[in-house]
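Going in written order, the chains are labelled A, B and C, and every chain counts its residues from 1.
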Amino acid sequence: MENYFFNSFVSAITVVIIFIIIWFIKQIFNERKYL
Amino acid sequence: MKLFFSKRINVIVAVAVFTLMVFNIYNIINNTPMIPDQFWAQKIFYFHVPIAWTGFLSYFIVMIAGVLYLINKKTIWDHLGFAAAEIGTLFVVLVLITGPIWAKPIWGTWWTWEPRLTTTLILFLIYVGYFMLRTFGGHPERTSRYAAVLGIVAFFDVPIIFYSVRFWEERYQSHPQVEITKQNPEIIIPFLISLVIFTILFSFMLFYRVHVLRVTFNRKNN
Amino acid sequence: MFYTLVRKDLLLELRTKEIIIPMFAFGLAIIMIFSLSFNASQEINHVFSPGLLWIIILFISSLGLNRMFALEKEFDAFTLTLAAPIDRGIIFLSKAISGTILLLIAEIMIIPPFIIFMNLTIPSDWHIMILILLIGDLGIMAIGTIVSGLSMRAKLSEMLLPILFFPLVSPHIIACVKATNYWFKGLSFINWQAWIYLMLSFALVFFLLGFMIFEYITEE
């Protein structure tokens, strides 16, 4: 049961981190496209 | 115009923000009390709520940028509004994802029509419309103007949405967190730290995005 | 000037009836689809009808809103109206008020069939329901006129309008449904007056906002 809670935490924080990193990567590519 | 990260100061700030966030995550994992009944899942609260707060702040910025754009028509306000709408929607999507991930172990269901989640969902839908308007609106100047109007209208709708959903149904009144201010300091302090750090991250993302928008806009029009 | 504009819209409509009749037909179609899909007992009908009524009203408003600026768009009559030295906000008010009146007429037409097909028994104080409908329509038309103005010149405006309109109007609909529900169950007004106030606030906020902001929508 405890493990279940831990998995939720890990998946939630992973989603957040991944989304934000992908956002930054997209921005860098956007910039380079126009240069 | 040069790349954002070719400027030294921007790289330094980026590294600082990154470091702060790493510290934040470490702080959440190690320095927060373990709540019985909820164990690790409760700790999602430490980033779910700050992300929600920054998302709403973002929509506030969309409104302000909209008002300023309508007043003096400078493109920078249009860029600010669009950037804030984008980042705000990204954060709101994160809220709508982390919310159910938190809810499932605690309440047993993925979704419930409780006030704050429902408000966030409605806000998300309004901003889907915002992006559709931006895409299909027609002439660029008109689109910017219309987007500004929509940003203002949407923001005025938010308190009404919040109140109507709050008193909607008795059985949807649950939200596991007791009033934040009534918690003990062991919980409040890491929470506030997380809130501040996420706001810093958001501001940096906003600044970066506005820069990119400005660069691409100037490129297209030169 | 305001009265002239409202009269113009109403006279145009009453002569051709090209908005009200489709609204009525659409409403009937929704009632039929619902009855066929659910084939519910009378008790269940009583539970769902307040919500269903407002779903019908929302959908037929959508129809009316799509057409709201259609004439202006088609004959470029907007440029002519704009050439007149009147406050743009007055245009907004006239469109919203004429829209409300048309919607109210369509609703009054659709309610008798609704009651009959759903086999409803309604409370005796029906005048309160008229009030709920009126305030509800004002709110719907206030936000609807703004959104219609925003989407009328867009590509795919028939798709853009509902996508913008439905989320924005949803708190108002929640209040309308709650008020109708409480009235329908026969509870006295005191219990649910908060919802009427919410509806009134919505209508007021968006009438004011629309009045102030409409000039930015109609600029060339």
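By our rule, a contact is a pair of C-beta atoms (placed from the backbone, for glycine too) under 8 Å apart; a residue touches a chain by one contact, two chains touch by 3 or more.
This one's a predicted model, so the numbers in the text were calculated from it and none came from an experiment.
When chain centres are set by their Cα atoms, the one at the greatest distance from chain B is C. Put simply, the chain nearest the middle, going by average C-alpha positions, is B. The distance from the centre of chain B to the centre of chain C, each centre being the mean of the chain's C-alpha atoms, comes to 32 Å.
Rounded to whole angstrom units, the spacing between the C-alpha centres of chain A and chain B is 15. Chain A and chain C have CA centres that are 42 Å apart.
Of all residues in chain C, only 143, 146-147, 150-151, 153-156, 159-160, 163-164, 166-168, 170-172, 174-175, 178, 194, 198, 201-202, 205-206, 209, 213, 216-217, 219 touch chain B in the complex they form. Of all residues in chain B, those touching chain A in their complex are 3-5, 25, 38-44, 47-48, 51, 87, 90, 93-94, 97-98, 101-102, 104-105, 201, 205, 208-209, 212, 215-216, 219. Residues of chain B touching chain C in their complex: 70, 122, 125-126, 128-129, 132-133, 136-138, 142, 145-146, 148-150, 152-154, 156-157, 160-161, 163-165, 167-168.
Chain A meets chain B in the complex at residues 2, 4-6, 8-9, 11-13, 15-16, 19-20, 23-24, 27-28, 30-35.
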